[in-house]
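These are the structures in question, set out in turn.
Each of the next two complexes has subunit A plus one more chain, namely subunit B in the first and subunit C in the second.
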Partner chain A sequence: MSHSSIEIARPALLRRTMTLNGIGVLLALIVVMALLPFVASPYVLLLMLPFVGYGIALLGFNLLFGTTGLLSFGHALFLGVGAYTAAVFTSKLSILSFEVILVASALLSGLIALLIGTLCVRYTKIFFGMLTLAFGMLFHSFLYKFYAVTGGDQGMRVLRPLLLGMEWRGGKTAFLTGPFYYYTLVLFAGLGLAMWRITQSPFGLHLRAIRENAGKAAYVGVEIFRMRLSAFVISAIYGGIGGVILAVTTGLADPELAYWTHSGNLVFMAVLGGTGTFAGPAIGALVFVVLQDFVMAITQYWRFVMGGILVLLVVFMPRGLAGTVEMLLSRRGREA
Partner chain B sequence: MAELLDVILGGTFHAAVLFLVAAGLQLVFGVQKIVNLACGSFYALGAYFGITAVGAAIKLGMPPALFLPILVVAGLLVGLVGLPIERVLRTVYRRDESYQLLITFGFLLMFQDTFRYFWGATPRTMDNVYLAYGTAHFLGIRVPTYNLLVIAASLAIAAILGLFLERTRTGRIVRATAENRDMAEGLGVNASRVFALVFTVGCMLGTVGGALVVPSSAASLDMAVDLVVESFAVVVIGGLGSMRGALVGALIVGMMRASAISLMPEMEMLSVYLVVVAVLILRPAGLFGKAAV
Partner chain C sequence: MQPQPVAANVPLFETINVSRAFGDFRALSDISFSVHAGEFVSIVGPNGAGKTTLVNVVTGLLRPTSGEVRFLGRDISGIGPVELARLGMSRAFQLVNIFPALTVRETLAVAIASRLRRASNPFRSLKRDGVLQADAERVADVLGLRPKLDKIASRLSQGEKKLLDIASAFALNPAVILLDEPTSGVSTADKHAIMEVLVEAARSAGIRAIVQVEHDMDLVERYSHRIVALQGGSLLADMAPRAFFADPAMIAAVVGTRVRL
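Let's look at the complex of A and B:
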C-alpha cells in the first residue's frame, strides 16, 4: 500500500492508523461542508469561506513545509499577491471573471515565487525562513507605502466577480453563501485532489527524500535545487488562489494580508493540524478559524488566548491534532 | 551640510537602540540557537514599563533630570521577565527550529494583549522629560542632548557586554556553551544556568533599548511587531550570531532609514529590505557571519 521506501520504514501500526494522511478525510470534510447550507446559519457559512481560502493555501504550504521541509515565514506574501490581483482586476481593470482572476493570480504568484525562490531555496532552515520573511516584508512595505498604486493602509476594494461568466443577483451574503460557497468548495476539492496526486507522484517522493536527507538525495540523483524551487512555486500558486478567496470574501485586499504575523498564523495553522500529514494542515486551518472566531466572541484579548494555545501546543502536542489523533488510535489499536 | 549631519545623528540614534535589541537577539541565537520572535515584545515591554516608572518617579517628586537612570533601572528590572519565559523555552531546545520560532511567536501574541490590557490600545507618550537635558548645538544643528546620551549609553552597554563575553570567566563559559553545548556540559558547565542567564541578559538588552527610546517617541502596540523585522534585518545584514555584525548592521539599517526619511519617505522600510536582499544574495552569511548552512 505504501508508495515510497521512506514510508515503508515507518512502523506498520502507525501507517495503518494514519487517518489524516489520506485524501479521504479532506474529501469527507468537503462533502460535509457541501451539506452545511441545509442546516447551518449564514454566519457559519461565512466563517467557512475563510477556511476554504486558508485550507487551499495550507495545502500548498504543507507541500513546502511538511513534505519538503522548508519553513517559510513569509508565505502570506502570496496570499497578498492573490488578494491584490483580485482587487486590481475587479476595481481597476474591470475584469470581473473569477476564472480569469484565478488564473492570473496563480500565474503571478507562480512567477513571483520563481524569482524569489531562485534566491531563497539555496538555503534551508532558519536562513530560508528569514529570507522569505524579508521578501514578505518587502512586499508588505510596497503595499503599505505606495498609496497611488495600492491604496496604502486603506487597501483596495474587491468587487463581486462573475462566476462562470454569469452575474449573480442578490445581496452580498446570498452571493457568498450561495454560488460562491459552492464554487470555492469545488475548487478546494479539485486542488486537494491535485495536491494529493503531486504528493504521491515521483516528484513528491523526491521532495520527501530531500526533507529526510538532502545530501543522500543529491547523491542518488535528485536535483535538489529544481525540486525545491518547484515545490516553492506550487505552494505559492496555492497561496495566491487562497488569497483571492479571502479577498472576495471580505471584499477588501489590505496590506495586513502580507504582514509577517499573518505568515506566522499560517505556520500556526500548519502545526496545529499536524505537518507530517496530508490533510492535517488544512484541518488546522479549520480549527484555527473556528477557534479564533470562538475566542474573539468571548474576549477582546483573543490574541493572548491564541498565543497561549500556541505555546501549549508546541510544548505538549508538537505533532498537532493529527499526531494526537494518531497516537490515541494506535494506543487503542495496541490495547485491542 | 547641516542636513547631512541631521541624517547621521538621527541614524545613529536609531542604530543605538536597534543595536541593543539586535544584540539580545544575537546573544540568544548564538548560545541557545533560538531565533526569538518575541525580542520586539521585550522592547515594547521596556518602553511601556519605562513610561510607568518615570511617571511614578515624577509623582514621587524626583527631579526630571533623573529620568535617564530611572529608565535604565526600569528596563533592567522588567527584563527579569526573561527568567520564567526561558523556563518554558527550555522544553524546545532540542526540537526543530519551526517549533522554536512558533513558541516565541506565541509569546509575541500573548505580549500584544498584555500591553493592551495594562496600557490600552492608544499609543502612550512620555511628555515633558524628553527635553529635560536641553539641546546641544554644534556645526549649525540642534540635537536633543538626550539623543546623544542614549548613543553614549548604548556604546557603553556594547563595551560592557564585549568585556563580559571576552574577559570574564562567566563570559568564557557562555562562549564555550555557544560553541558546543554537549562538550561544555561534559566539562562540568551547568548549561541550564548559562541558558537562563543568557536569555535574561538578551531580554534585558531589549527592555533597556525600549525604555531608552520611549522618551523620544511613543510606546505603541505596533512597535513590537515592527521592530522584530527591523532587528531581523540587522542580524541578517550583520550575520546571525555575531555581535560585531549586530553593531554594523544596526548602523547600516539606522542610516538607511534616516536617509530614506529625508530623501524619499516611501522608501523608508523598503530600502532596508532591499539591503537585506542584496546582502543575502552577495554574502548569504551576512557581513560577519559564519557560512550559511
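Let's look at the complex of A and C:
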C-alpha cells in the first residue's frame, strides 16, 4: 500500500468505486448465486459455499485493511476460532442450533480480538502485521499440539447443524446445496448490508481518516486506539462467522484453517479483488476459490501457478480486479 | 517578563515557567506567557529557537520537563491531542496535513463527528445526518471552500490544502486555534489571502484567540496584537508589534541582521 506512485493515483478512484458500485455489486452477485441452484450442478454449488465463508470473512478483513489501513497476517486465527467453535458445539456439547453456533463464534472471536487487539492495534504497518502473525501461529500451535482437546492434526468433526431449529434429513450434498446454501446466502447479504452501513457511518469515516493520516486524525479528535480496536473486533467477528460456514461445509475443523499460509490466502483474495472497493475482496474470494479449484484440477503445482498469478496481479493490476474494472469504466465514461 | 493580566480577565491559556529538555539539550527554559480572549499572538524567533517545541508543549503533544500549561484554568500538560480537541484547542500544522483520499466535506465531517460524538455507533448514517452535513457546509463557507466541498483533498491546490487543514481545525469549534506557520509553502500572493480568510473566519466562527508561529514578518506585523519572541529556548520579548518592530535589536535577534551588499 505504500507505493507512492499508487497512492497519488488512488484517491479519486477509491471514492468513485465506493460510491458507484458499493453494495450493489455484492447484492447483485448474491442474487445471481440465489438463482444458481436452478442451473448449476451440485459440484458448483458446493464450490460456492467456501466462497460465501471467505466472502464474509473478507468483508471484515477489508474493514481492517482497506478502510483502516491495518494489514493483518494472522486473520485466519478467527476463521479457526469460528470453525472450532462449530466443532466443539456440535460434537462435544451436542448443541446443534446453527444460530447459537453463529452467535457463540461471533462472541468468542470478538472477545479474543479484544484481548489480542489491545496489544496489536498499538502498532501499525509491519509491526501490526508481525504481531497478528505471531498470535495466529500461537493459536495454530495450540490447535495442533493439544491433541486431547482439539484432535491435533486430525482436527475435529463438525456435525450437521439445525437451521432455525429444524433438522434436515437427506444426504449431505442435498443439505449443503439446499437449505444451508440459501441460509448462508441470506447471512452473506445481511452481513454485507451491515458492513456497508458501517463503512458509510461517521465511525467508518473515522477509520478512513486514521488510514489516511493518523497523526492529523488525533488532532481533530479521532480516538485512534478505540477506533482501531473496534475495527479489529468487528473484522474478527466476520472472520469467525466465515470460519463456521467453512467448517460446516467440509464437516471438519482443521488446524490448517488457522495456519499462517491461510492468513496469506486472505490477503491474496483481498488484493486480487481490490481493497479500495467495497465488494472487491469478496469478488477476490470468489475468483480465488474458483481459480484454485480449476488450477488444482489440472496440475499438482497449483501453488506455483497461484503465486505466479499474484505476481502478475501486483505488477499489472495493483488495484485488483474490481479496481481495474472500475478504472476502465471510468476511463470509458470520460471519453464518451 | 510576565504580561500583566487584566483584572478579572482569566487568560484562555498560559504557560507557567515551562521548560523542556531533550536529553542534555534544553529546548525551552522557563517560558511564561499567556493568551487572552480576543488576541492574535504571533510566536517568532530564528530557527531552533524552540517555537515548534513550545507549540508541541502547549498542545499537549510533549509534556514539559517542568512547569505547567493551563487551558481555561485547567492543567493540560501532556494531555494528548484527542482530549485537547475535546476541550476546545485545535491545531493546524506547518506542513500540509490532510487526509489525501477524503473529500473536503469528509475531512470536515471527521472533525465534526468527533465534536458531536457521532463515531461510537457504527450503524449511524453519515449522509443522512443533517446536523453534521449542515455544519460541514457552514465551516466550508466560512473558509471559502464551499465550491470545493466534494473535491478530493489531494487534488486541491497548495493554498486550498492549507485552508482545508485550517478548516478542519475550525470544524472543532475551538476556543483557541494554534497555527504552525499557516502560510509556509504558499506563494506570497496567496499568503495574505489565506491570512485574511483566516482572521475573518475566526471572527465569524467565534474563535476566541489565535496563536501562530510565523516567519513572515510582514504577516506578523500586520495581523498580530502581540508578539512572543523566543531565542535559544528562552523568552526574549512579549510585546506589541509596534514596539517590537521599532526595536532594531529585536529584529536583529529574530530575523538576523540585514546584510548590506
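Operating definition for what follows: the second predicted complex is superposed on the first by the 315 of 336 C-alpha atoms of A that agree within 3 Å, B and C clash if a C-alpha of one lies under 4 Å from a C-alpha of the other, contacts with A are read in each partner's own complex, and residues count from 1 in each chain.
The definition used in the following text is that a residue touches a chain if its C-beta (ideal position, glycine included) is under 8 Å from a C-beta of that chain, and two chains touch if they have at least 3 such contacts.
Remember, predicted model here, so these are calculated numbers, not experimental data.
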{"item": "Subunit A residues touched by each partner, larger count belonging to subunit B or subunit C", "value": "B"}
{"item": "Which of subunit B and subunit C A:Lys92 touches, first, second, both or neither", "value": "neither"}
{"item": "Contacts of A:Lys145 with subunit B and subunit C, given as first, second, both or neither", "value": "first"}
{"item": "First (subunit B), second (subunit C), both or neither touched by A:Val267", "value": "first"}
{"item": "First, second, both or neither for A:Lys125, with subunit B first and subunit C second", "value": "first"}
{"item": "Contacts of A:Ser201 with subunit B and subunit C, given as first, second, both or neither", "value": "second"}
{"item": "Partner chain(s) touched by A:Arg331 [first = subunit B, second = subunit C, both, neither]", "value": "neither"}
{"item": "Touching residues on subunit B, where the partner in the complex is subunit A", "value": "35, 37, 88, 91-92, 95, 97-99, 101-103, 105-114, 116-117, 225, 228-229, 232-233, 236, 240, 265-270, 273-274, 276-277, 280-281, 284, 292-293"}
{"item": "Subunit A residues touching subunit C - in the complex, by the definition given at the top", "value": "7-8, 10-12, 14-15, 194, 197-198, 200-206, 208-209, 212-213, 215-224, 227, 230, 234"}
{"item": "Residue ranges of subunit A in contact with subunit B within the complex", "value": "65, 71, 73, 119, 122-127, 129-131, 133-135, 137-138, 141-142, 144-146, 259-261, 264, 267-268, 271, 275, 300-304, 306-311, 313-315, 318"}
{"item": "Touching residues on subunit C, where the partner in the complex is subunit A", "value": "59, 80-82, 84-86, 90-91, 93, 97-103, 106-107, 109-111, 113-115, 118-127, 129, 132, 152-155, 165, 168-169, 171-172"}
